[in-house]
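Each chain gets a letter, A, B, C and D, in the order it is written, and its residues are counted from 1.
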Amino acid sequence: MNDASRVGKLPKLSAGSRLGIVALIAIVAAVPVVYTNHYVLTFLVTALITLVLNTSWNFVLGIAGVWNFGMLAIYAIGAYSEGLVMLHTGMPAPIAVLLGGVAAGAFSVLLAFPTLRLFGIYTSLLTFSFAQVVQFVIVNDPKGLTGGSFGFPTVKGLYPNLGPLAQLRAYYWTVLAVVVVATFAVAWIRSSRLGIALRTIRDAPAYAAARGVSPLKYRMLAFAISGFIAGVAGGLYLSYNQSITSSVMGLTPMSIDVTMLVIGGLGTLFGPVIGTGLLTFIQQALIDYPGVQLSILGTILLIIVVFVPGGLVGLISRTRRRLSNWVEEDETALPTTEEAARSTEAGT
Amino acid sequence: MADQQSGGGSGGGRGLSRRKFLQGATTAGVGGLVVGGAGGFVAGRGSKSSTNTTGGTGASTEPILIGSASPVTGPFASDGQQMVRGQQLAIDEINANGGLLGRQLKLQVLDSKAQEPDVMKNVLQKLVSQNVAAIFAGFTTYTSVEFPIVAQAGMPMFHVNTWHGNVEYVQQNNITNIFQGDPSETSYGSGFITLVNQFIDSGAWTPSSKSTYVVTSNDPYSLAIAKAFKAGMEKQCWKTLGFEQYTVPQADYGGQLVKIRNNPPGIVFFSSYAPGDEASFIKQFAESPTPSLVYEQYAPSIPEYLDLAKDAANGVLWSTVVGVLAGDDRAKAFIDKFTQKFSRPPGFSNAGDQYDLVHLWAEAAAVAGDPFDFAKVNAAVANTVYRGTCGAYSFLPGTLTCYPYPDETLDPSLGMAHLTFQIQNGEQVLISPDPYTTGKFELPSWLR
Amino acid sequence: MSQIVAILISTLVLGSIYGLVAIGMTLIYGTLRILDMSQGSMVMIGGFVAWGVLVVANSDPVVALVAAFAATFVLGTFTQLISVQPLMSRRSDLDFEMVTFITTFAVAIVFSNLALQIFGPFQKDVPPVISGSVSIIGQNLSYQSLAMAVTSIVLMGALGLFLARTRWGLAIRAVAQDLDAARTMGVPVGRLYPLTMGLASALAGIGGVFLGAQFFASPTAGDLPLLEALIVVIFGGLGSLSGTLYAAYAIGFIQSAAIVTIGETWTLPVLYGVILLVLIFRPYGLRGNPSEARL
Amino acid sequence: MTDAAPILDVRGLWAGYGDSIVVRDLDLSVGAGQTVVMIGPNGHGKTTFLRAVCGLIRPVRGEVWLAGERVDGRNPEAIAGMGLVHVMQGDGLFSDMTVEENLLMGAFPTTSWGARQGALERAYGLFPLLRERRGQRARTLSGGERRLVGLGRALMREARILLIDEPSLGLAPVMIDTVYGAIREIRERLGTTILLVEENFTHIGGVADVVHVVEMGGIVRSGSLEELSNDRTVVETYLGSL
């Protein structure tokens, strides 16, 4: 409830949690030192890029509450813009990635306008239509800029001069750094004025209007920021894979990304991390059974949504709350022998 | 939120408090998970790679793992299924005959979906990490971004992407282990035009006008072929009345047909990988045909095309740079075995091609003496001339792609036949090139 | 002239297809406030049932229609029971529209991949329900298209009557307007919801039988009809049956006209462009109710 | 008269929404033919009590007996099927349906659907205004007309007991008189058992057999209207002027 006093600060975390996060980042960062298997690193880098995308999508979908299903188009716009900049101006890759992010952010802002007058499901259909149009333009590009359905012409990556393993490691750490920055940025924004305004617009539009919270301004900001992050994710994808095809924004990738977000917990800070991680693991575990992969993912999605509505993060925090209630019950209770006996029983 | 003040103070004489219990359990759990998970993962990787390394030394009785990167789901699933069946049939045959150098083969199929760059990289890295003896990829990316992975690992990879960009990449980077098991798509332009000129010269067909109308789905394969055809025909001074791209699937061709019927072209050229789309088109065309030769690209090679189009397809021409030689004994034997195993006949391209490529590789590996001596195997493949169900395979030096016959070599024992079929009375009749033909071109009923 | 006739015929065919698939979606949205993403699978399943009845069992079209109706009715009911019913009691705690959008989508993924496993990736030919065609100023109109248009319009009409005149029709509308009040009238929503979704799915299944002859039966046969139905329901306004009918033919017309005049390549972008414009200028579609979109 | 088994018997009912309990340990019974009125300020659990009785919310604790059958925990449609008719607060009309369609919905249960034409005539006979408005959509009606539709709809099937939630809420005084006139008609002409909830005594004269005063989710005082209106503390504390 004391949101106002914490505006602009990162969510308050206990020392233990902070230590945990630092330890987690350290452990994840150490992975390519310990494991040098190229296959594992290849899919981990892809997973981290997806995580960047999912972080930005979660921001729009979960925190701002705007049903933007055009995110993969924004992601693709980031990638293609980066590629065009590199091919036609010879701009160095890192700058091009940022420019791709800016272009994606700009398109995202354009997309924000028509969504203002829409609610719920209509927003998702509008943004989805936008994505379809972008995909058609890329595939049927009459000028041949995008490479059409053949995929974008090969570009130099971020680290063209490194050997295979060094390259994988370099990408791994680069993308991991982007993940950390993006996640903290989203965490910070969430508790900033912007985040509070967005959540007010989401949960109590009438109240927001009464308080003069301008949906136009805040939604455009939200779209700009998420668009930028998604565009950077797209740029990283292009740099890492040296090419991109418009099928990365197809229905199947979209359903997988949505599954990741929902399983992790929409609108939570660590939902994208958990969802992306878990689903990547499941996908790779099922890689030998290509036929059933999507059926199983669909089933998991269904089960999670129906039985664990807040996603895994919701489940974890609920479990934690229950456990802490259980502990509190124990500690506040009068230490009668009976109760002591019961708690010991429960403990063993 | 759980408060973090130090707990357990009230524990005293009550034994274990809930807080302590929880702390203990959490520590144990997380620790166990990390250690167990990591250990399990390493052990899993380790044991897998160790089996394969021992496999690699050649003295083992373990089966030899063969990788397949085929599009078993997604838009190209019907091709993917043909590919995997072709590969599996060849492997079963080799295994039934005692295996390769005494060892059984085992096929590991991974899904290359729509050949997105990240998917291809992931799939190939996985196969490479399992140290497979060879990789049979159906389609690849058109930008070759995944090729370095295989180039580095060294094992032979065969694909049928039919794209000059891929083979140019191989040539430019001096890659020695990535083979394209068919000629590139550029042959489509020249091949059919040569044939059209033959028809005209021999008087078998007189065009109503020197013009074409091209409809193509916007996937690379169909589009590349349509473009090659258009460019080739324009070079011969044929007019292009329309060049339409569409997105699969499409079932209603009313709009296209209005244009075709208002200004009938000499040739209607339809290029798509989706048999349903082409079948729909020809059915709707046949309702009121124009005096045009109809050429449908690729999809008629899939057996379902005929099931779907039925009589409407009679008279349709189509060609493929890689196809099972319908009248050939070797091909017939393959078709029989395939039909017996899968209770459906194979398609004309991908099943036979993959079947051939597996056999080709197995022979080369046998010549090399060790399937894991990649340099030797690759050299053997490069020098092979193999006669399979799709004709002769021999790889051009540098690009490591098959010669098209008769487009680039006039020697049918070296070149892979660029086949043209006409559907007559519900049968696929191979009308070009000799010596493989099983029949002659006939004017379609609507032109007689 | 022939161009105009061609456009009109194509409009009739496409509009009827869209109408058949979109009615069910509208009905479900009207009652349950769910954008049912599994409707596409019902089209696909209807196609496979028709193939099974007409080709494998070599039976007649009436059996195919009845079987498709029955099969998709059962599966639609089942879909509701697994993907929506468990969420009903938590309706107020959830972003219900969003969550059911996702669960029905999940079911659709499972259905189409199961179909891929069972039937394989190949398209199957479904013979037309009626063969033959009639020529109108040089343009062919097949009886199949005509039958499809008639069926679609008759089904729409029948549905309208059902909702206006019958006990269960009234109950469906009542539930759509005030759930609690309907329950206190004794409307058993636990049964009504699955039945509504079954009914809507069965309409899509019937659509699938007709579409089979045009699109063939395949695991992905429902994807495009689903996308097109989505366009139609937005255009018409979610939940409005009459709006859906107009929208189906309007979209069919725009698409046919676009194919004939500017070519196939840009048809779908044009369609999506139209939708973008509609949503920008009439955020609730032609006939949609603004208050409904805010739920 | 009170010896007969009550139509509605509620024992120790606890109910609420989520974590907030609004009705606490409430006992109440309504005998056949009786009209029982619950009086109390807003937000003290009257509506919640009715919603718990009719099954729209599940009681936390306690028992609800309807005509000798225990019904707590059953869903509202099942309870409605047993003859409990609930006129909800704010009418609960189906606003895009016509007056007649709304009335017909009142006869939804299988047992009453067959007799719907007769019931329709009876409702029109009792409230002639409804016949005039039969083809009009509910959303276009005035507040008083809506209330009459709500009452008319309640008469479309045999009611063992009729639950009416604040019939005077939001109405102009003239309309309140009309509505109470209608309730009196129902009570006298049809002899229906009624449980009615109101905020104050103002309108219930001549309707109530028993009055309960509700505060903080429980009954604090009971008696006839006369007894209670003579009880100074009740009058002063809860009811203001009569």
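The definition used in the following text is that a contact is a pair of C-beta atoms (placed from the backbone, for glycine too) under 8 Å apart; a residue touches a chain by one contact, two chains touch by 3 or more.
For clarity, every value in this text was computed on a predicted model and none was experimentally measured.
Common neighbours of subunit A and subunit D, by the contact definition above: C.
In this assembly, the chain whose C-alpha centre lies farthest from subunit B is D.
Remark: subunit A and subunit B have CA centroids separated by 34 Å (rounded to whole angstrom).
Centroids built from CA atoms put subunit D at 42 Å from subunit C. Chain geometry summary: the mean Cα position of subunit B and that of subunit D are 73 Å apart.
In subunit A, the residues touching two or more other chains are 136, 140, 291, 294. Shown for subunit B are the residues that touch two or more other chains, namely 73, 218, 245, 247. Looking at subunit C, one finds that residues 113, 116, 265, 268 touch two or more other chains. Here, these are the chain pairs in contact: A-B, A-C, B-C, C-D. Considering their complex, residues 2-3, 6-7, 9-10, 13-14, 113, 116, 120-125, 133, 135, 138-140, 142, 211, 214-216, 218-221, 224, 256, 258-260, 263-265, 267-268 of subunit C touch subunit B.
On the side of subunit D, the complex with subunit C involves touching residues 54-56, 75-78, 80-81, 85-86, 88, 92-97, 101, 104-106, 108-109, 113, 153. Within the complex formed with subunit C, the subunit B residues making contact are 73, 75, 77-78, 80-81, 215, 218, 242, 244-247, 249-252, 254-259, 261-262, 274-276, 279-280, 284, 287-288, 302, 304, 307-308, 310.
In the complex of the two chains, the subunit A residues touching subunit B come out as 14-16, 35, 37-40, 42-43, 46, 136, 139-140, 147-154, 164, 237, 240-245, 247-248, 250, 252-253, 287-288, 290-291, 293-294, 320-321, 323-324, 326-327, 329-331, 335, 340, 343-344, 346-348.
Per the touch definition, subunit C reaches subunit A in the complex via residues 35, 82-83, 86-87, 90, 93-94, 97-99, 101-103, 105-110, 113-114, 116-117, 223, 227, 230-231, 234, 238, 265-266, 268-269, 272-273, 275-276, 279-280, 283-284, 293-295.
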